[in-house]
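Written out below as structure tokens is the structure these notes cover.
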Amino acid sequence: MKKLINRPEDVVKESLAGLAAAHADLLRVHFDPAYVVRADAPVTGKVGVVSGGGSGHEPLHGGYVGRGMLDAACPGEVFTSPTPDQMEAASRAVDGGAGVLHIVKNYTGDVMNFEMAAELCQADGLAVESVMVNDDVAVEDSLYTAGRRGVGTTVLVEKICGAAAEKGMDLASLAALGKRVAANGRSMGMALTSCTVPAAGKPTFDIGEDEMEIGIGIHGEPGRERKPLATAREIASMMMDAIVPDLPFRRGDAVIAMVNGMGGTPLMELYLVYHELERICRDSGITIARRLVGDYITSLEMAGCSITLLRADDEMLALWDAPVMTPGLRWGC
Amino acid sequence: MEIIDRDDLLAWLRELQRVYAENRDWLTELDAAIGDADHGINMDRGFTAVAEDFEKSPPADMAGVLKSAAMVLIRTVGGASGPLYGTFFLRAAGACTGATKLGPDGVAALFDAGLRGVVERGRAEAGDKTMVDALLPAVAAMQRAASDDGDMRAVLAAGVAAAEEGMRRTGDMQARKGRASYLGERSIGHQDPGATSAFLMIRAAADTWNHG
Amino acid sequence: MKKLINRPEDVVKESLAGLAAAHADLLRVHFDPAYVVRADAPVTGKVGVVSGGGSGHEPLHGGYVGRGMLDAACPGEVFTSPTPDQMEAASRAVDGGAGVLHIVKNYTGDVMNFEMAAELCQADGLAVESVMVNDDVAVEDSLYTAGRRGVGTTVLVEKICGAAAEKGMDLASLAALGKRVAANGRSMGMALTSCTVPAAGKPTFDIGEDEMEIGIGIHGEPGRERKPLATAREIASMMMDAIVPDLPFRRGDAVIAMVNGMGGTPLMELYLVYHELERICRDSGITIARRLVGDYITSLEMAGCSITLLRADDEMLALWDAPVMTPGLRWGC
Amino acid sequence: MEIIDRDDLLAWLRELQRVYAENRDWLTELDAAIGDADHGINMDRGFTAVAEDFEKSPPADMAGVLKSAAMVLIRTVGGASGPLYGTFFLRAAGACTGATKLGPDGVAALFDAGLRGVVERGRAEAGDKTMVDALLPAVAAMQRAASDDGDMRAVLAAGVAAAEEGMRRTGDMQARKGRASYLGERSIGHQDPGATSAFLMIRAAADTWNHG
């Protein structure tokens, strides 16, 4: 295992310490229980927006704490859901009197831990609503599974709900907005190489020199199928063939598109994939109204990418354009 | 031994630390095949924390031991298994509130309460390829043995055998809960890590309490 | 070779097309000859700031084109200097009547090509000044080499000169400022894995599972020494032991620090390295006044990192803080 | 043949396309050892572009052929070798402005002018482990052969032999120019890619012009 770390068991803690030191103007990090919280929390009268999940997906979630996005993030161990005590403490830290919104990626662990946290908060009189993100079209038959995984759309839900909360939207409306965004987002990922969980010390899966995994999850979970390596053009088509009919996205739709790197893929390749995506959308009459190209929700050093499309209405687009000031996403201020 | 008390619960939980440390890599490898390669790491971290907590402040009674373990597990394990095992011990604690000792039927009731908690939290059914597939037959076997007036050894032996059988049968199942469910048919042929850790938990109880 | 590409010979062109499509608000891409230019170029009365170099270091340089940084960037083939015709065309495209500044990383190829371009421009009456960046302390004896390589400090020179040009600084002062920044910056890099040039199809160098290369260049050029893999703490110390005495950085100095990922290293690890850097600086009495943590000057998918320190005076810090709006760096607007 | 004309220059440059395509991987491997693994790719790209350019618009005279090649190389090669070979051909063109044919001494003068351009552009000295270490002895040998009244074959043979010898000797040198210089002593033991492409260039001239 080749990593820039000290001891595997200290990776999350030391990385959080670095995040805190690098962005003291935007956020603070609390340890034991661990959470990242915006520097000026709680903001009186504002709904606190909280997310969290296993570490190893940076900048998600800690890198999206600041102004106009998350008020707090709860980092678990690498690829392991955080725990209810973290979520409860984070929720209290950002409680400005208007309640707290939990943005939860649909993984059994995350869902159950956030559920326990919400029970703990509510038992204590703190209003909590939850938005679940389950946008991964690679999970085909969600009736016989734990449901679709939450992947790329999470970033968009966090940005849009964060902006709405900053503008003063109340908890119930915010939860409804978040659910609308989640319902209109679809993603699919693929990998060229495996990642290595520091504590495990070896690659999560084996993959041949001329193979790729289509439909991979963000924890190196095997995907839909193992295929021979293809060109970027073919890969983009395969992913869009799964994404577009699923919602479905239709001719005339305006979307926010994301080409996301899994951590080990050069930016140069992501722009190349975006070029393919753009062509496919043009041919299908889908308008890319806004876009992100880069590493936004990663899987450690895995090589590969994911594509996310969100059918966006005017409210979503306006909230997308609203100022955001976090380590991972920044514009308008 | 025919009854267990607070010290036996403590001994069991301490034994679990040793067991999960010893089986850390195995459980993680099972999870690598159909999950995210952390189940052994999670269990080891959680039960090490439980043992450390007992070092600092050993609870006074049976329910206290189980509840402390539950709270530590909930705080330290994370993932799917954290809330599940946490709820297991929380409900098990509920099943022996006020008790200072448990006989064979009490032990069966303790595991039954834990199992119910797991099912409520995770909503898994038999055959979903989860820890429930080890726990459910184990609890049924223990209850049967206890109602047949089996002694502690018999009840535990029945639980261990049924858990082991249940654990092995998860190999042929297609996962419908947890991460492994994303694999669809590709999950078939791999034993479930959570069912394996559940079997280890019951076997550790038998090992600890039968050599008292 | 596992890459998200179509044909190796089209990588640069298709990636540039993606960059253009993704950031039409900030920049345009001209092909044949290839250069990236800010959307509103030329800006009348403003010095045009131009850089360029081999591709594969993204976001450098094309990702720094926009407002408050570069007016144009010339991308070469992967790891190959661009050509004088690109540089000449880019220089003309950003000529607002106040001359053009070339920011050149010190590689034989880049230097000679920019030299030829400057000759071509000057022959045609366009005033050109050049700033050379040669900050890589890994090249020990620069008397007997082509001189030190230009690495991380390039990003800082581009930001600071870009801000000064935006504020209206004249060409001569801008060149002097750029040289001052270059003279006060020092960098060192290391790698855990090799990168693979698309057209070459196989890794540039072999490296064992428990080895690392200290002092690596940004093209996978072998570094100072091959060493057994060490912890992040030891690696940060090794790099700082080479960087600090070189300028030297002294107790009381204020610096802009950059922990840069080589392309294949997770952000999580970069923050962990920043945590170490912060500790070392604190112990040495060096104040980190500003910092960047992330992928800013990469080597395709190479795993590893570099550290850059720039001793910054108040003018540099103020220019650092000035608004910048590019795909790769954005704040203050 | 005792003289070369425009068509011979064209034939030589077309042959160079074949030669660099054929030796693309070898040159790139040499560059991988002490540089950045692109020299073969660069040369192949450049001379392919030169040949394509000739396809479209073949220049009318000797100087035109060399100057067109120079401009295309400058535009398409990049890296260190682009300006160097570009300058080589630009100066070579200057050496035959107005000429319609060259004898052995004219050929020697052509390579000499090219070499001077390379040295002016790159400021490398003998022993720096660059293309100069193949070009310099080759030009010296050609000039000597020409002033000894050698015929075309003798002049080119002398150039090829000296270039090959010079190329081989770069193996023992420590690089002091270009990327390879960053390696310090680690550059010793590897033959210089640019010296190798320079040798190939001279050998291609001999091969083309001796079989006319």
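Per-chain numbering from 1; labels A, B, C and D assigned in written order.
Just so we're on the same page, contacts are C-beta pairs under 8 Å (C-beta built on N, C-alpha and C of every residue); 3 or more make two chains touch, one makes a residue touch a chain.
Just so it is clear, the structure is predicted and the values come from calculations on it, not from any experiment.
Apart from subunit A, which is left out here, the chains connect through touching into these groups: B | C, D. Chains making contact with subunit B as well as with subunit C: A.
Using the average of C-alpha coordinates as each chain's centre, D ends up farthest from subunit B. The geometric centre of subunit B is 76 Å away from that of subunit D, both derived from CA atoms.
Separating the CA-averaged centres of subunit A and subunit C is a span of 29 Å. The centroid of the Cα atoms in subunit C and the matching centroid in subunit D are 32 Å apart. Computed from the mean C-alpha positions, the centre of subunit A lies at a distance of 55 Å from the centre of subunit D. Arrangement of the chains shown, judged by which pairs touch: a linear chain-to-chain path with two open ends. Interfaces, counted as pairs of touching chains, are A-B, A-C, C-D.
Looking at the complex, you find that subunit A touches subunit C at residues 2-7, 11-12, 14-19, 21-22, 55-56, 58-59, 63, 192-193, 209, 212, 229, 231-233, 235, 263-276, 278, 291, 293, 295, 298, 300-301, 303-305, 330-333.
The touching residues of subunit D, counted against subunit C in their complex, run 28, 32, 35-38, 41-42, 45, 74-84, 86, 121-122, 174-179, 181-184, 186.
Within the complex, the subunit A residues that touch subunit B are 33, 54, 76-85, 107-109, 112-113, 115-116, 138-141, 144-146, 149, 197, 199-200, 204-205, 217, 219-222.
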